[in-house]
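Please read the structure below before turning to the comments.
To keep things simple, chains are lettered A, B, C and D as they appear, and every chain counts its residues starting from 1.
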Amino acid sequence: MDFIVKANLKRGDNYSLLKLAPVKGNMPQVKPGQFVQVEVPNSKSTYLRRPISINYADSHELWLLVRRAGAGTASLCNAPESSVLSVVLPLGNGFTTDVKGTALLIGGGVGTAPLLMLGSRLAAHGVDVHFLLGARSMGDLLQLDLFRQTAEVHVATEDGSLGHKGLVTTHPVLRNENITHIACCGPMPMMKAVAAIARERGINCEVSLENMMACGLGACLCCVEDTKDEGNVCVCTEGPVFNINRLKW
Amino acid sequence: MDFIVKANLKRGDNYSLLKLAPVKGNMPQVKPGQFVQVEVPNSKSTYLRRPISINYADSHELWLLVRRAGAGTASLCNAPESSVLSVVLPLGNGFTTDVKGTALLIGGGVGTAPLLMLGSRLAAHGVDVHFLLGARSMGDLLQLDLFRQTAEVHVATEDGSLGHKGLVTTHPVLRNENITHIACCGPMPMMKAVAAIARERGINCEVSLENMMACGLGACLCCVEDTKDEGNVCVCTEGPVFNINRLKW
Amino acid sequence: MVDLSVKIGSLTLKNPVMTASGTFGYGEEFADFIDLSRLGGIIVKGTTLNPRQGNPYPRMAETPSGMLNAVGLQNKGVEYFASNIYPRIKDLDTRVIVNVSGASIDDYVGVCERLQGLDKVAAIEVNISCPNVKQGGMSFGTTCDGCESVVSAVRKAWDRTMIVKLTPNVTDITEIARAAEAAGADAVSLTNTFLGMAIDVERQRPCLSTITGGLSGACIRPIAVRMVWQVANAVKVPVVGLGGIMNGRDAVEFMLAGATAVQIGTANFIDPQVTVKAVEYIEDYMKRHGITSCAELTGAMKV
Amino acid sequence: MVDLSVKIGSLTLKNPVMTASGTFGYGEEFADFIDLSRLGGIIVKGTTLNPRQGNPYPRMAETPSGMLNAVGLQNKGVEYFASNIYPRIKDLDTRVIVNVSGASIDDYVGVCERLQGLDKVAAIEVNISCPNVKQGGMSFGTTCDGCESVVSAVRKAWDRTMIVKLTPNVTDITEIARAAEAAGADAVSLTNTFLGMAIDVERQRPCLSTITGGLSGACIRPIAVRMVWQVANAVKVPVVGLGGIMNGRDAVEFMLAGATAVQIGTANFIDPQVTVKAVEYIEDYMKRHGITSCAELTGAMKV
């Protein structure tokens, strides 16, 4: 499906927020936590599409928050306004929205992107939503204003430039005994640490994996994660969101 | 050597005139008929540089007239203003400028590009310069105004939309008995036909070849032309301009 | 009017464009993107006698104009295929071809015996060229004897069309193709992936869990086209060409080199609609060149 | 301080970066772009006993992340090299290595005998892997016997360092490498180009005058890295790695896989300064990773 770049907003040195709209037709329905596969124009060293989580979507707009990680994502970050991108979507399962009580949504780095839409959806359903956003430094915290408009925001920065100083896993909000659900997206060590805490406390917990993938459609079988129930399964179709009970870590 | 794109002027549907300036330092001395090798940014299907003839050069500017022939040249034609191109130059031998009497400079299509600078150089040396420019149709004749500022211009179009109707080889200016020298650049059949006429009339004649090349430096030995005196020689270093007496056609 | 149909042994395909095994799942994964009935055939994921978990993650690395994979034939086994997947795909209006793999000759034969009862399996593709498994796989495909032993055993267990998929990791692929033909193959398909490797230089570790993997994508196309041309000049059975086909033009290139039909693989990952676009391109190409049947296109390169 | 020097047999190079034969002329072509004395070595154009005109034009086709060539060893012969070219390049402050080719064993020996008198030829690279000539060339490189026969004959005629350049167009390159080692090679270099082909589909003709040609460039790097890794684990002599090195990172990848030195080829066509940039990258990489000598880098991939 072809999308036109309506706006490309730089966010810090390493991120771009791409606001896209379908060239024709309507946006398909999107669930929080789903992702897209974007063809990368004009990058000589990029052959495959790049999977990017959906930051926000409605019936006529799609937002992608892209981190400049290599040549492919750098080329996406430089997509000129009015240019056209080929986007395959929506892909993957998305986060559970059938949540009751208090939900803590924990994001690290660009992993905060899919939580914005999830928080907004959960809050609309009457869930008590708390965001816990971690980054190296204040400048790496993206879309703070939008998160704050959606729900209560807790911040942890490694250098202490904003909020709690330290990793998200040491933030006091984790001791909130009302938490019934955790959704987490970020670097693997962070997700593993959060999963360990959730397990210990008996809190239902979902994590969103970022395994390298080729097709995004369940055909190439490259992005597999080893699960307790079915062994290797595709992160692109069985995930990217997994309940930690399925995972071997 | 890095050049900045100062201007990218569309010329018809299929051509762009790129006006470049060195990012730092001065332009090297350039002879009419020499060429450059340009790295093609942002084209997935292009691996090698593209050889482009020099349209005009002075101490601080370089003009390249690029025809949109494939993905590589299309990407060059779309080079944004202020972007930087890596250019290796000047390459090749160039046209003889040691000419006396009346010179007829015959160009077809984008092959007219290097003749502009040659005509200007010869005219400055007191040579009686005539341009004979051929194209399918009026719209494909490029830089006519500049040619007219330089010397007398004769035109042949296949559809008769401007000047003589027919191929350049049927243009009456070829019957001018004062012609002592011909320089020709254009499609191979045109150059071969011009060479045949020059041979028959005993006129000194140079042609500029466009053999496919990889390096442009005489290293890869891919762009060879079979010569009477030395067998296969590199067009990039022994040419691109050859006196027809060296060629086997 | 152009006739796009092609014949592979006794099997007729409505057009020469198939999907390569392991790149198109069981077809269902692509049903949202294309009308599967517009394909000449679907070659489903490599199927083995017993379920296989495949290799550990990471299994993929992007390379210049290509990718390495080390999936290692992950599949749920032929029984699961027959009971659970076949019923869902048997009525697709295209040819369903099963790619058959094994660690031993008995494995290959066992898979074929189970498939024999599935009427809508139009053909099998015998995979003697998977570079990502420890036993069997490519080892059968790198010698004439290995090839002959698998193909002749399978020939006894399978009476419908048999295509033998060859590995390019050999000195002379025409020898292996002739061995497959002599042992009863109705067609050969080539090439499978090239054994390759990539290293993460900052971590100083291989990019794949298995160190080496199979290289596919546009990067290998010139080598695959050359091999198809050589094999088409060496055997009488039809050649199915694959290896880096990214679009219709590339499909025509393989057919001009001598392929009767083609498979599109890795390109499905980049454009899920590439197969149908290739069918359209081929039809248009034939019209533009005044070619009325695919048979005229096969091997039409002028030398 | 990092020590960039490497040893190939008895020959010491100031750093591991050489230029691949046939991609760098005689060095002079690049003197306007780089300081040639910063290179580990220059491997000059393939040299034969008698002058060769090479193959007809067209000799080149661009492919995805690579190119095909069919030059066919155009050169003016060893006598011309010795009389006209050698005097111009012998005093370059880098190692001059001559790539030696032939249609027969006598040809190879004849070239070596003429080179023997040229003191500043530091080594020869015996090319048993050119895909673009009718006789000799790759045919010697695809069998152990062919390899052994050339290498042992050359060994008798050449007492300085001998590198044997291997073709990747074989089933098992480690066998050929072991044959070269057993016959007296001081080192092996790999890979030469892959036999490939491209067709102009609109004209329905091969892109190259010779139909097939040698594929080089970034596209082949994953296969070449795999072969270097296999060979480095199979022989004791140093391995010189090449095949699609586009920059310093790629050079380090080959060294991690087991290469003692590297050659940069096709990349010279795209960036005439790539070799010197690669030397700078390697030095910086070693500093960043606390590696003090190239020997530590060779084969340092952790598995």
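Note that a contact is a pair of C-beta atoms (placed from the backbone, for glycine too) under 8 Å apart; a residue touches a chain by one contact, two chains touch by 3 or more.
Just so it is clear, the structure is predicted and the values come from calculations on it, not from any experiment.
The set of chains touching chain A and also touching chain C is empty. Most remote from chain D, judged by the distance between CA-atom centroids, is A. In terms of their C-alpha centroids, the spacing between chain C and chain D amounts to 34 Å. Averaging C-alpha coordinates per chain places the centre of chain B 36 Å away from that of chain D.
In terms of their C-alpha centroids, the spacing between chain B and chain C amounts to 47 Å. Work out the mean CA point of chain A and of chain B, and you get 54 Å between them.
Chain D has residues 63-66, 217-218 in contact with two or more other chains.
Residues of chain A in contact with at least two other chains: 46. Taken together, the touching pairs link the chains into one ring where each has two partners. All chain pairs in contact, by the document's touch criterion: A-B, A-C, B-D, C-D. Within the complex formed with chain D, the chain C residues making contact are 63-66, 68, 142, 169-172, 194-199, 201, 204-206, 211-212, 215, 217-223, 225-226, 229, 244, 246, 249, 252-253, 256-257, 285, 289, 300-303. Within the complex, the chain A residues that touch chain B are 41-44, 46, 75.
Taken together, the chain A residues at the contact with chain C in this complex read 39, 45-49, 86, 88, 211-226, 231-232, 237.
Of all residues in chain C, only 22-25, 29-30, 33, 45, 53-54, 56-67, 69, 71, 74, 217-218, 266, 268-272 touch chain A in the complex they form.
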